[in-house]
Each structure stands twice: as structure tokens, then as C-alpha cells.
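Two complexes come next, and they have one chain in common, chain A, joined by chain B in the first and chain C in the second.
After this line comes the complex of A and B, so read on.
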């Protein structure tokens, strides 16, 4: 892929033209980042274990959404099997800990690699499919994997679920959400950084080229087949790592948690945040994760409110929450 | 480069900060004041599984209300903090952690979905908070037993399977039972107890294990018919149960059919799905209450519901089938608090629960825990059901299976 080609491909909000000089970060963005960093550091000192549990869950969903962002948002491949890869990550990591007492960084790597490898296989099989056919095929894979989780008793514990040994690193044993929090934050930051690197790299540009047009990408010399398989593999790797992150603070997994509903929840987060944008994937996971938790306090109306919020988002912010905020800010600045 | 170094420092600082803070401080006995005692209650209160918990919580609430009206427990009024667990493992753990860490409840009384409830086991045990489940059987949280978790007021899967064999042998004089279960862990559990009981009462089992999502039950039924059993026991969920009852009638099987409590959540729906009352001519259902729903022994529960929730009671689907199941767990909590005396601690309450034995008057058998037993109730009753009327069969029936550790 030539440099010139790369600059004409429609870009996501994270992309910079390859040859362009690095832009200075606006003061508002620096302030926002500083605030987020301070909040992340202060959080465990000022909140209860319950809030940290929610924070850990949100961070897991951020990584899950980043994976979905790579395959759907960046590459335009409508894959609906994310819960399956997430499950593979949880079980791989849990079994590595249970059976071999592996330290959690190694289990995490294993979870990502196993899920990524399965993702590559699925990506290869799904190469010829696109749009609704790809969605249906990956949906079928997701359902099949849930069946496997439910029925492979000897390995997954079947409908009895699997108890996961506490994550370890040497003598350190993670038993509480407070102990897991720094690990989960660290891995999330690492995965965000990795996503930015991928997005700005040649690989990221090839993903976006494929998203815009297979034929045009091929004409430009982009190996479309390889790009699609890579996107599937990377996306599954993220989901696997997210699963392993979950296993650092949760000691039990049941196949019921790994159904289509989990994929749809992640998809909703990515779409509402803003498809094709890293900020959207991260923000969508946080906003919708929090909305879902707050709605638990209003059991009688939560489905209606949840539905209404989704409709309002789709009507008034179809490009995503953060694009909407940016537009509104721009409008205010322009007067 | 500078940015990368900053990122590394930030990550390291976060890691260090969290680890230092995780040392934590010792907790005091929470949820207790001179005048109140706070109890965390949770169940599915929204979504598709709301029927498992909504009225069960209502029943527990009305019982606690009654206790408060009568002066509370050692002068303390019971305060309930209610959370929706959506019948989902992550949400149930969120609810439990919120109740324990944020609301600072003294103890927990909740859980209607077994798979979700098991997810909170390790946290509850580590936090040393007494937890009395509502109507979740949650075998996975009860075996192996822990010091703080108590449940199965509406029996375990082990009790389901064992008791149906006991009923077949005692009431129907069956020597050979056609036994249909699911090919999953729930099915394996109830079959294990059925086999233990069958061996003890000298009954032969012809077993057919089916997938919960089965759509055609002809093959397993034809095989069972060939085995010529004296009765057919169905331990499946409601949907396959309706298919089996319907197909058994079509195949001319006239032997008694007994459906366990796993498939009886909505009997009018079952009748509708079977679609032919002739298929229910020789049909029995298992229940875990002391009497038929609305029967004289438990009429007071239904009357109380009417008094506390007149608007709900006027609605066609209320009280929901599992409503009375909420009473016995609330009784168990109140009794454990009373027995702990005027200065209760979590440890005292847990100790009392471990030795608790009483008759709720609502469930089929006594509520009884033991040093190696956290399943409250193991007895069942049986009702002959013709599609409209439910007639109580005298006596209660029990599994012979016991947890051996």
C-alpha cells in the first residue's frame, strides 16, 4: 500500500494521514485525559468494592468493545460471535489457572491467543461471506459455542458452571475487586494503546480500505483476504483478553452469560458510542454499562427506559454519542 | 517517546496505588442499629424471568411486614433493601456486592435463579455474610456445604429425582419407572438421586435423557413404551414436558405420568400446550408446598397476599405460582435472628442457621439444616391433575440421596 493511497481512504477519528506531521493535542483533550487518569488512580481510595466491581466490569466491556470496533467499525465485517470468543477467553484462562496454576499474565496471553486462533479459523471460513450472511454465519458460530460451553461438562462444567481459581502472580493472589482493579486498568490501558497503534498503522489503514470497498482495496494492492482474517483474529484476541480480565475478579462462569445477549450488548455499546471510532467504543461501553446498572434500580420500567434511550440515540445521534457531542460543541463554538 | 514513558509511569502508579490500598481495613458488624436490622433482598424483578422472583419477594416482604407489626425481632424493626438481579450472574453479583458493601446489610435473603446464584458463592463465603436463598435450588452453591450459604427451600434437583421414584413406588406401586430427564447437569443430578432411591426401594429405572431444546420426542417415548414401565416420570422443563405428555397420548401410552416441579411453573399454559385434556387422564404433578395451591393448609398465605397486595391479587396472573415459596426463607431468617438473641452477630446467625429445624407450615416438609447439609427442604407432595382440578394425594415423599462429601 502506498503512502498516497493511505491518505485518501476515509478515516476514523483516530487516524492521521501517514505523512502528516504529528498534531499538537488540544488543551481540552489534555485536561480530559489528566482528569481520567486522576479519577482512575483515586477511585479505589474513595469508593466501595461494589463500585470497583462495576468499574472492573466496565473495563472488561471496553476491551470487548475495542475488539468489536476492530472487526465491525474498522473493517466493516458484521461479525456477531464476540460472546463466544469472550467465553473461550474466560474458560481458557480459568482452566489454565485451575489445572496448571498459571500466573494470570500467562493465562491472559493464552486466553487471547486461543481466542485469536479460533477467530482466525472463523475468519478464514467466513471469508466468502458478507453483510447479513456473515452476520448469520457468525451468529450460528456463537450459538454453537454456547452449546459447547453448556454441554462439554468435563471441561467447562456444563450447566453447573465453572469455578475459577483466584488469579495469581507469584505469592500475590487476587481475591477482591480492589486487588483486581489495578490489573484490569493496566490491561485496559494497554489494549487501548494497542488499538490506537493498530488503527494508525498500515494494518489499520488496510482494514478501513476493506471496509469502504473490497474491490477498491484489492485494486490498490491491499491483501483483502489477509486483512479480513487479521481483523477477525485480532478482534477475537481482544475478546479473549477481555474474558481473561473477567476471570481475574470473578470466580465463576456459567454458559448463560455467554449468549447472544452479550454480543448484542457489546454491539449496542459500540454503535451508540460511535461505529468506527475508538473513543466511541470506549465511551459507549462506559455510558451504556452505567445506564444498564442504574436501570437496575427501576425494575418495573427498565426495559421501557432502555428501549427509549436506544431509540433516542438512533434518532438524534445516529453517528454515535461522541460524534453528536462534537457536532453540538462545534455548533456552539461557531455560534 | 515521552508519551510512552508517561504511559508506563502512569500504569505503574495505578498498579502500585491499587495494591497498597487493597490492604483494607477490618469491618465492623454492619446493618445493625438499636432499632433496626437491615436485610438485603434480591431476585429477578424485571425481564423474562421475573415470574421466578417477583411474587416470591412479595411474599417475603409481607412476612417481614407482619413480623415488624408484631414488634420486630428483639425490638428491632426489619428494614429491607431490595435489588433486581435480573436472573443473570453478573447482575446478581452486582446486587449482592452493592447490598453488602454499599448498603451494609446485616445478612442476605435472595436468589431465585440457580445458575446466577452460584456466581455469588465465593464472594459471600469470603465476606462471611449469612445468605438465606429465596427459591433458588442452586445445588452448586450448597454442595459442598459452606458456613454461610443456605437454600433449597423449594428442594434441590437431587430431591426432585429421588422423591418422584419414592412416589412411584409408594403410591403407584411401580416396579419399573420410565424416567425422562435432561441430558445436562440438572438432569444428571436428579437422575443420580433417582438411581440411589430406586436401588433402595427396589425399583427398576428405564432412562431416556433428552436435550432441553428437543422438538420431537417420538423416539425416546417409543423406546420407553418398549420397556413397558409401570409409570413415566418426567423431570424436564415445561416445554419438553408438554411435548412428552401430548406424544404419550398419541402413542397410546396409558400408564400414569408424573411431572416434577421443574415443569410446573404455569399449569394453565401446560394444559394449553398439551392441547387435549384426555392426555391428562392419568396425570400427577409434584409440588413442594404443604398443600395444593390455595388449599386449606396454606390458605393463610394467599389471604395475606390479598390483604397486602389487593391490586396485584385482582390481576389474572397473580399470585404467581411460586409466590408461597418466599415465606419459608423469610421465616428462616427471622427465626435465626430471634435465636441469636438481642445482640446478634453474623457468626451467631450463621451458627443458628446451621442448626435450624422448624416446620414452616407452608412447605411440604420441615425446614432443616445440619452441620453437613445446607438444603432446607427435601419433601414433596403430589397432586392428581385432570387439566382443571388438582387433588392432593395424602402423604409426603422424599429422596433417599444424601450428600456424602
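After this line comes the complex of A and C, so read on.
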């Protein structure tokens, strides 16, 4: 009982992980950001199309992870249907492009809004439940959605998959990964900025209050249920946008890649990076995305190494890669 | 559809449903016993079943050992493996950061490792069939056709469940398990060795998984992905309330029967969807499951 109260207001920084609280930016961090920005600009001029494809994919994963960060990291709700919303995003933006020839910014918005709306509906039902039940209900929803993707032949193409016509804006058509790259980068940066804004706003603070203790949050007058549904809907919106980002540079989608595995992949990234911080979500997506890409040729090793990474991280670096590095650096500088 | 056919389908659906449901019930039991004592939904339960199945297959087919050695050896191996995982890995995870999410993710890690390992050995490359424990002969019960294998499956599952309930209710270990489930700190205060109980719980869960594997393997094709069958065990556990052992058993039989009736009356394509619809329905109408207690509101 008493340790519950302690978590609401961290007694000291050494005890509690510093989670996503607004931080001041030191010079090193600004330098790092400048370096990342430069790398993002230079990248398309120095690498092959395949590498750019991987880069696009990593950016999609970053947005997916940001959504998961909002609902699991910030609000502490264990939702496991991310792949379903991702799929809804891919199909709705793909179909808007295929059937009506919508320009891609519009279909991107549509994808986010449709996924977000479904998220709010599911959230309203599922958030009647706590903790484990929420995880299980969203898991069930995810599996059911994959079944829908596989069997609603008229709309999704069923087991044959769906061809996605190239994204367009007026006369401009996106045909290659190189052309898609600036769009994907732009949207990713937009979503990161949005996440930071949300996280520092009243809404973000209410999310974290709910995470620490929903009873205490309720006592402070935070509409707990609405906060949870908002977080869930937002995370679905992010997943939908991620889906439509995927649709801009991809020509084909098959329901097989929209199952529990994908949800788990995103969850793994967020956890490996460090649950509860934006840096963790973004960094985890990049690091783990690269690892899984390098191991793609040997699926059995890929699985074993995935598993070992998860286990070892949970055993020795439960707050994620970046917190672990920071701790080690701190230890070294302190001597 | 005439009334005769409806009646025939009902009988067949219930009979087949009880058989497969008994395996789901075992799986649900294995999931719930861990959840009750440590608040962790074990996402590697399916891969434990799969790995146990492959151990049995390896001993039986590739080492041509007799069945009466293979069965206890498999169960023991699963018991030891699961108990060791709890002791060596999860204890450390709990020490590093006690939140249940981290434990859950560690079990996910184990599921990846086991699946990758089976693929790596090459056994998982092609679907394999497991030799049946008894020669399947067709038997009619009423108008429902079942096989002798089905009856053995049902009987074994029921015996295992009965033994488990007896252990849980009447032995000292069982009482300690219940105490840990109610309040780990208080249990520790009265002298229950938490580490030991957790190890035994995981071991038992692994052992039950191995039994389920031995029962189900002859009926399905074995692949490295066969662990997904545990999804139905989860469905059963949810329907039963997730913390109730009798609920898990009833849920298992219910899911088995629903699945078969949906297959017979609606479409075989809808079978996959049936358990998820059942989960959603149960959770919407009665979020705590059929046998779950009232949802507690935690104090600050």
C-alpha cells in the first residue's frame, strides 16, 4: 500500500527511473540531433535503393513505436493490438489510393483517422477491463482483425494480398523508395514532434498520472477513463499513419505480416529502447529494426537472438538500452 | 437442415468438443496456475508444448525408445526446463525490476528462443506426424463418431486434472501455492519458500504442457509453430476468469465445444474466429470471466 503512494511522487531520482519528464537539452544532445539531421539529409545521396527501403521501414517502425509508447509507456495500459491498427491504416490508405485516387496526404490522414476511430471504439469496450484483461482483449481483437484481413476477399484481397497503386499528389507519383524517403522522413519528424507536444501537455501529464496510480489520478480530478481511451485512440492513430507511410513506398501487402508477431516486434523495440521515454521508443526502433534486418537471412538464428536479447535485457537492463548506457556512463565518470 | 441433422451435429460437436476441449482445459490450467501465483501470463506456454512435443518425437522416432520411457522422460524434461527458467531467468528479472510487464516480456523471449532452437535443429522444417499412443479405432457413442485415441485423450486429461486439483487442495505444497497466490509477502512471513514454490509451479505447468503435447501431437501435424494452439488455452482461461482453476477447465471444454459447433453449423473457416469472438463476448458481458471473482479496486 505504502509503496504505491511512493510511486506517485518519486522520492528520489536514484530510486525511480526518470521517465519521460521534460528535460533540459544539454549541448551534447543538440550536437547529436544536428548529426542525426545531417545524416537524414545526406543518406539518400550516398546509399543504394535497398538501404533506403530499410531506412523507410525503420521510420515506419519509429512511428509505430511512438504510438505504443503513448499507450504503454506513458499511460501504462498494456494493449496488444497494434498490428491490427497498422493493418487498418495500410488497407484504408491503400484502398483510398486504389479506388478513388486520393492524394497521399489525404489518404494518410484518412488512415490515421479510421484507425484512431476504431481504436476509440475498441478502447471504450476494452478499457472496462484492467491490466491483464485489457492485454487479452486487445490480443483477441488483433487476432480477429488478422482473420478479417485474410477473409474479407472483396476489400483486402484475402490471402492473395493487395496490390497498392503508387501514392500520388497531383501529377507527382511516388514510384521508388528514393522518392518516398523525404515524405516518410517528414511524416516521422512530424509524429515525433506531435509526441513531444502531447507528452508535455496537460494530456500527457494526465497519462502519466494514470500510469502511476489511476486511483490517485481520479482523486485529483483527472477523467481516468477518458485519458485511457484518448491514449488508446492516439496510439491507434499513430499505427494507422505508420500503415499509410508503409503504403507510400510499398506496392503490396499481405495479411501474414499483420499478426501478433508485428505487435510483439514493436513492443520489443519499445522495451529494448526503454519503456516510457521518447528517445527509448525511437532508438529502440532503430537498433532493433537494424538487428532484425541483419538477421533476416537466417530466420532460426533471428528468433534465437531476438529471444536472448529480450531475456538478457529484462534480466540486466530492464529500463532499456539507453538508460543502461546512461547508468554505465554515469558510473564511469563518477569513477 | 432438418431436425435429425441438427441433432446429429449437436452430438458430434459436443463429443469432439469434449475431447479437444480437455486438452485446452489442460493448457488453460497450466496458464492459470502460473498466473495465480505470480501474476504473469506465460506467453511461452505454447512453445513449451511445442518443445515437449519435439523432445518426445526425438526420443520416440529418432532414438526409438519405448513409449513407457519416452512419456515420463518428456514430462520430467519439461518440468525441469520450466522450473530452471523460473529460477535462473525470471528470478533475476524480478530482482532487476519487479514489474509484471518485464516478466511477461522475458517469457516472450523464451518463446522465441525455443521456436528458433527447434527450427535450428531441423526437426521443424517439415511438418511431422507423431505416432499415436493407441491404434485409433472408430467407436460410436450415440450418433457421434469418436476414436479410441480420443477416449484416451479425454480420460488422461481428466485424470491429470483430478490429480492436480487434489494436489492443489489437499497437500502442503498445494496449500503453499494458494497462500502465495493470495499474498506472497504474508506467505513468506509464515515460512513459505517463495523461490521453491515458484519453481514447483512452473515445473508443474511445464509438466502439464508436456502431457498436453503428448495428447495433442498425434492429432495435429507438428511444426515449429504448433505452439499457437495455446491461444485456445488462453481463450479458455479468459472465459473461465483467468484466476480460477475450475473456471479454466470449464472454459476449456466450452471453447472446444463452441469451436466444433461453429465448424459444423456455420463454416470451417469461422472456426479460427470463434474463440476470439467468445473472448470478446465474455469480456464485454462479464469482464471478470465466468468464474472470476469481483474486480477489486486497488487502494492507493
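Definition applied: the second predicted complex is superposed on the first by the 307 of 335 C-alpha atoms of A that agree within 3 Å, B and C clash if a C-alpha of one lies under 4 Å from a C-alpha of the other, contacts with A are read in each partner's own complex, and residues count from 1 in each chain.
We adopt the following convention: a contact is a pair of C-beta atoms (placed from the backbone, for glycine too) under 8 Å apart; a residue touches a chain by one contact, two chains touch by 3 or more.
Not measured: the values here are computed from a predicted model.
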Touching partner for A:182 - first (chain B), second (chain C), both, neither: first
First (chain B), second (chain C), both or neither touched by A:201: neither
First (chain B), second (chain C), both or neither touched by A:257: first
Partner chain in contact with A:275 - chain B first, chain C second, else both or neither: second
Partner chain(s) touched by A:303 [first = chain B, second = chain C, both, neither]: both
First, second, both or neither for A:53, with chain B first and chain C second: first
Contacts of A:151 with chain B and chain C, given as first, second, both or neither: both
Which superposed partner A:193 touches (first chain B, second chain C, both, neither): first
Touching both chain B and chain C, residues of chain A: 151, 299-300, 302-303
Footprint of chain C on chain A - complex, ascending: 1, 4-5, 8, 72, 78, 125-126, 128-133, 135-137, 139-141, 143-144, 147, 151, 213, 215-216, 219, 264, 267-268, 271, 275, 299-311, 314-319
Complex contact set, residues of chain B against chain A: 7, 10-11, 13-19, 21-22, 24, 45-47, 83-84, 86, 88-91, 93-95, 97-98, 100-102, 115-116, 118-119, 121-123, 126, 139-140, 183-186
Chain A-touching residues of chain C, taken from the complex the two chains share: 35, 39, 41, 89, 92-93, 96-97, 99-103, 105-106, 108-117, 119-120, 231, 234-235, 238, 242, 269, 272-273, 275-277, 279-280, 283-284, 287-288, 295, 297-300
Residue numbers on chain A that touch chain B, as the complex places them: 37, 40-41, 44-45, 48-51, 53-54, 57, 150-151, 153, 157-161, 163, 172, 175-179, 181-183, 185-186, 189-190, 193, 250-254, 256-257, 293, 296-297, 299-300, 302-303
